[in-house]
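There are two complexes below, and they share chain A, which is joined by chain B in the first and by chain C in the second.
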Partner chain A sequence: MSMLETHITYDEAVSRAKKYQDRYNSFVTIIDDYQNENSGILKGIPYALKDNLSTKGIITTASSNMLKDYIPSFDATVYEKLKASGAMLVGKTVLDELAMGGTGTTGHTGIVKNPWDEKRMIGGSSSGSASAVALGIVPFAIGSDTGDSIRKPASYAGVVGFKPTYGRVSRYGLFAFASSLDHVGCLTRNVLDSAIVIDTIKGHDKHDLTSLLDDDKSYRDLIKNDINGKKGFYLKEIIESIDSDEILDCFNKNLKSLKDLGVDISEVSIDKNLLRAIYPAYITISSAEATSNNSNLTGLLFGPREEQPSFDKIMMHQRTIGFSNLIKRRFVLGSYVLQKENQEKLFLNAQRIRRMVVNKINELFKQYDFYILPATSSIAPLFDDEIDRLSDKYLIAENHLVIGNFGGYPSITIPNGFVNKMPIGINITSRQKEDEVALSIAYHLEQTMNYKDQIAGDERV
Partner chain B sequence: MIEVDKLKTYANKLMFDMSNEEYLVLQKEFDTILKHMDIIDNLEGIDFVEPMTFPFDIDIDLIDDDTIESLSVEEAFRNAKSTRNNRLQVPKVVS
Partner chain C sequence: MNVYKVVIGLETHCELNTKKKVFSNSNNIYSQSPNTNISAIDLGFPGILPVLNKESVVKALQVAIALNSKIPAKLTFDRKNYYYPDLPKGYQITQSKYPIGEEGYALIDIDGETRKVLIHDIHLEEDSASLDHVGDSTLVDYNRAGVPLIEIVTEPCLNSSSEAVAYLESLRNMLLYLDVSEARADRGQIRCDVNVSLMKDTDTKLGTKVEMKNINSFANVKDAIDAEVNRQREALDKGEAIIQETRRYDEITKTTHRMRDKVESIDYKYFTEPNIPDISLKIDFISSVKTNLPILPYDRKKKYLELGISLVDANTLVRQKDISDYFNQILGEGIEAKTACNWIISVVISYLNKTFTDIKNLSLTPKMLSEVIKLVESSKISGKQGKELLTKSLEDNIDPIEIFNKSNMTQITDIGEITNIITKIIDANLNLVEDYRKGKNVFNFFIGQVMKETKGTVNPKIASDILKQELDKR
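What follows is the complex of A and B.
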């Protein structure tokens, strides 16, 4: 059943948001007096918006002390479209500061806890959005995804996370992290709701020249199309890098279900060294772009400003006290790879890796309609868990979702099981501009399992 | 191992500083980061590839110029307490 047929009321959503706030910290701001008289497809449906999307008159912080008091003077296009649809904004959700990070621990208002186990992280950077949906506070939330920031928290939270094709949803009003990789997408509790949300917020936007022309498709209708005869693949080297038998069991069950639906699945092998290079290339490109994008946070135009003897000193002081340690370390990395002496060897080579990966996947997409892989190699980590960052588990199994951002592919994670009482997810990625293919495979696969519409927390179902 | 002084230079170029403890954490992180960079650098055939800056080619239609009404200089100056060199002059806010 979709959220159009039954959903929590706005008042109930606000009440639930307040009830859970101290425990899980989903929101930077809860809005309990929101008004929206528009009559659109989402009329009266409560939702949450990641706090890096601009909302006129509503504080928008990107979970950073640098923007803790910032009230935008314009609306992000995605927010405008949701207002026009009649949807009701319950609140702005916590993210990893400036969307840089994947733990949900670096927001200026505190850490976000996983509703399935408070000792575990929910991932990020769309941490509060994933948490608000998993807790049943809202049927959908908007997130952004630069490396895996919608699809990995979706896996850890037992919800659906969909990142459409690059440019399908306007980025106007999204605080840029790495512009060539940034996507706007959604988190929901079933695939049909994701299709409904993206149908509502997609479309060309004159304010975002990289937004795609309208495709005039209804994903809500197209996802039910028969998938018999579709061809998919998985990457052998990624599967071999996963050491959890339970995750592999769930994956193999999904493959069997798809085969039963008439889908042909093949094992494909690609150069392991290329897969190992994906995360280093991602961190190089994204840190470099972030360094540039966030240079406007000077302490002069936005946020708190303390008097100092000169403009230089204001900037130095505000940026020193305003950014968290993690952000500053990422910026230093960005600065390092952009130094004249490092650009060719590091930054440009990272962009070359990006092309090699995308060329390889595009070549495979000539033969196949989609690929399917476990979204993560483990359940949500404990807050103090450590992983060897030079291992194949980290470089290959934990970070392959970045491929979706390198190529701008539509990519969706849906829940596909539980390991040690924690949810896990399966990811499906299809060709650029064929969002309905990823959605339809996910929709039909979802019907073969019992993890649709699940809720964590006190209302657990 | 990368020197802390170098890291401090990179940070200062971006107009912020960190504590000595933070620089040491970063120095340790750079050990791994530089090994990650080696993975990129050692990939066969990389020299012959064109860097990729965008997920795919798109057609960009430039926005039509819209004519909008704006204040004339005279009108803008009408309420200005002080002007200089065709600019509004505002009180100095930083000592």
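What follows is the complex of A and C.
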């Protein structure tokens, strides 16, 4: 059942948010006196916003000490649209600082824990949004996705995470991480709700030159379209890099279900070296853009500022004490790859890799409507797990979701099983501007499984 | 002493007079009260995105076309990254890879000769905030942040300070003709960076260049170049090497001082602005801008010369767009070019010069001036009377025709009356009639007497005809 038919009330949502806050830390700010008189399609439905979306008059921190007291003077377009729809804002959710990182451990207000197992991460960077939805606090939450920041935590949290086509949802008011890769999307507990949310927040925005023209489609209607005859593929090299039999079993079950629905799925092979290059290319491009995008955080115009003898000392001091080491590492990396002597070899080559990957996928999309792959190669890691970042398991199987950002493709993760009592997810990605294709495959696949509307925490059934 | 060739390149920044800023909806008005024309976008708050203002593209394109540049098929923007309090985002959106105009040229007149100044490129960017250093503190005014700016970069092709200033004046004039900028140096709307190097005549390579940034008036550009040329010449004569560096010009001592090492040492880490997708400049769009381009001073001057106006007068007419427009409007009233030019120069411009007035503030419209000229041309009043009318009109801000109607100003055209006057004058100067017969030039003396007698109100043509007739009779 969609949230339009039945949903938790705003008051219940607020009290549940408060109840879970100390245990899971989903929120930077819980709003218990929210007012919204508008009557729209989402009237009265509680939701959460990732704390990197600008909300006028409501503190917005990006989970960074650099913005710990920042109160925006304008609304993000997404928030404006949700306000107009009548939805009720329960709170602003924790993220990895400035949306960089995928662990949910780097926010300035502490770590976010996985509702299915508190010893495990929930992933990130839309960590609090994923946990608020998984805990049943809200039926939907807004997140942002630059590499996999909606779709990976969705997988670890057993919820649906959808990132529409680049430009489908305005980025105006989203604190930029890497502008060419940043997407606004949503987390829900079923595919239909994702379609409803995106129907509400999508559309051309005169404040965002990269926003697409209105497509005048109703995704909540289109997702129910018959998928018989659709053609999909998966990448052989990625499947081969996954060592978990349980994850592969769930994947194969999904393939069989889709075949039963008349969907044709092929195995496609792709150059392994190109796949191995995705993560380095992503880190290069995103760090470069991030270092520039966050150059406004100096303490001069907003944010904390301490007296210093000169303005360069103010900036230097504030940026030294304000950012965590992970952020500084990315900024140094980003500056390094943009330096004149390195640009050609590092930054521009990374962009060439991005183009090669996108060209390859676009070529396949001439033949196929979508591709399907396990969202992650493992369940949510323990907080003290160590990752070998040079292994194929990491480079190939753990980072393919970035392809969706490289190409701006609509891409959705839905829960498709449990391994060691932890949820896992399956990802479906389709051609640019064909958001309804990824959504409809996901919607029909969801019907073949029992993970729709699942809730973790005390309310777990 | 060695002989050196001076090589100068200029980078001119010019603020466009669009209604809104280049990437935000804030008003682009010059304001004395700081931080009044600002928005979240101008201040670089988290989450803002640039929205390119079309008017600024059109105006930049007009300049690119007027400077005979190659126009790219698509517009792209780049980020120039550096930390400074005048740059709230920490980067400036500019054009480094595909500027709006490339490989252009400007034709300028220097001492009556036409010179071609090569333009490397023209690019569109945003201005930074302005800083005011007061005692120990610095005040920041963000009104200027995000004002559209074009930078016009010449090749190193100018060879003297006077050439540089001639180019700047002609450029400024062109910008005013295009109505893309107020180009007021005192408001920082036009600012100049100057590169100077010296080379020996026998050298094939350019000498080491020195840059002087943000010079705020054309007079200072001239002085700064002269000072720097002297400094470099003395250094070279002593056998010293010129260091590539940025120097500051001190107006008071008229000398230049070292500021910092060569600019190449700052790495601005340029990369393509991801928030502005490539914008294709369609041929239709470019040609519509081209078609609507006003006729520029160089071409206007050519036209004036064709109409028989002297070079000196043509230069005077095009020096200011408003004067040239005024002149064109008088032509539009059907007045012959040379006549119109004489009236403007002898009456209007001399009045402007005498009173330091701007032609825009004149109460005398081109239409009014044309009416007066027509009165003279149709012999209703004399030229002298016409001038009197205009002078009074300019001084008292009254329509000259109104003055004319109230006065009993008429011209004596009655043949009998004029013949009477002339007969009296001839009778009183019979000795000169003898000279007239001998072919001596006394005709003008008689005309002068007639004018004096009639206080200039006689129709000169009729008077001259009758005078000749009467003298021949004697």
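As a working rule, the second predicted complex is superposed on the first by the 461 of 461 C-alpha atoms of A that agree within 3 Å, B and C clash if a C-alpha of one lies under 4 Å from a C-alpha of the other, contacts with A are read in each partner's own complex, and residues count from 1 in each chain.
As a convention for this text, contacts are C-beta pairs under 8 Å (C-beta built on N, C-alpha and C of every residue); 3 or more make two chains touch, one makes a residue touch a chain.
Being a predicted model, the structure only gives us computed values, none of them experimental.
Contacts of A:218 after superposition on the shared chain: neither chain B nor chain C is touched. Within the superposed three-chain model, A:39 lies out of touch with both chain B and chain C [touch as defined at top]. More residues of chain A are touched by B (comparison of chain B with chain C).
When the shared chain is aligned, chain C comes close enough to touch A:174, but chain B does not.
Look at A:72: by the touch rule set out above, it reaches chain C but stays clear of chain B. In the superposed pair of complexes, A:340 makes contact with chain C only, with no contact to chain B. When the shared chain is aligned, chain C comes close enough to touch A:208, but chain B does not. Within the superposed three-chain model, A:407 lies in touch with chain B and out of touch with chain C [touch as defined at top].
Within the superposed three-chain model, A:331 lies in touch with chain B and out of touch with chain C [touch as defined at top].
Of the two partner chains placed around the shared chain by superposition, chain C is the only one that A:62 touches, whereas chain B remains out of contact. 180, 206, 209-210, 291, 295, 298, 311-312, 315, 335, 339 are the residues of chain A that lie in the contact sets of both chain B and chain C, per the superposition on chain A. Within the complex formed with chain A, the chain B residues making contact are 7, 10-18, 22, 25-26, 29-30, 32-33, 35-37, 39-46, 49-56, 58, 60-63, 94-95. Residues 166-167, 180, 206, 209-210, 212, 273-274, 276-277, 279-281, 283-284, 291, 295, 298, 307-312, 314-316, 319-320, 323, 325, 328-329, 331-336, 339, 345-346, 348-356, 358, 389-390, 395, 405-408, 432 of chain A are the ones touching chain B in the complex. Contact residues on chain A toward chain C in their complex (touch as defined above): 52-54, 60, 62, 67, 70, 72-74, 76, 171-176, 178-180, 206-210, 288-289, 291-292, 294-298, 300-302, 311-312, 315, 335, 338-340, 343, 347. Against chain A, in their complex, chain C makes its touches with residues 40, 43-52, 79, 81, 83, 85, 88-91, 138, 267, 269-271, 274-277.
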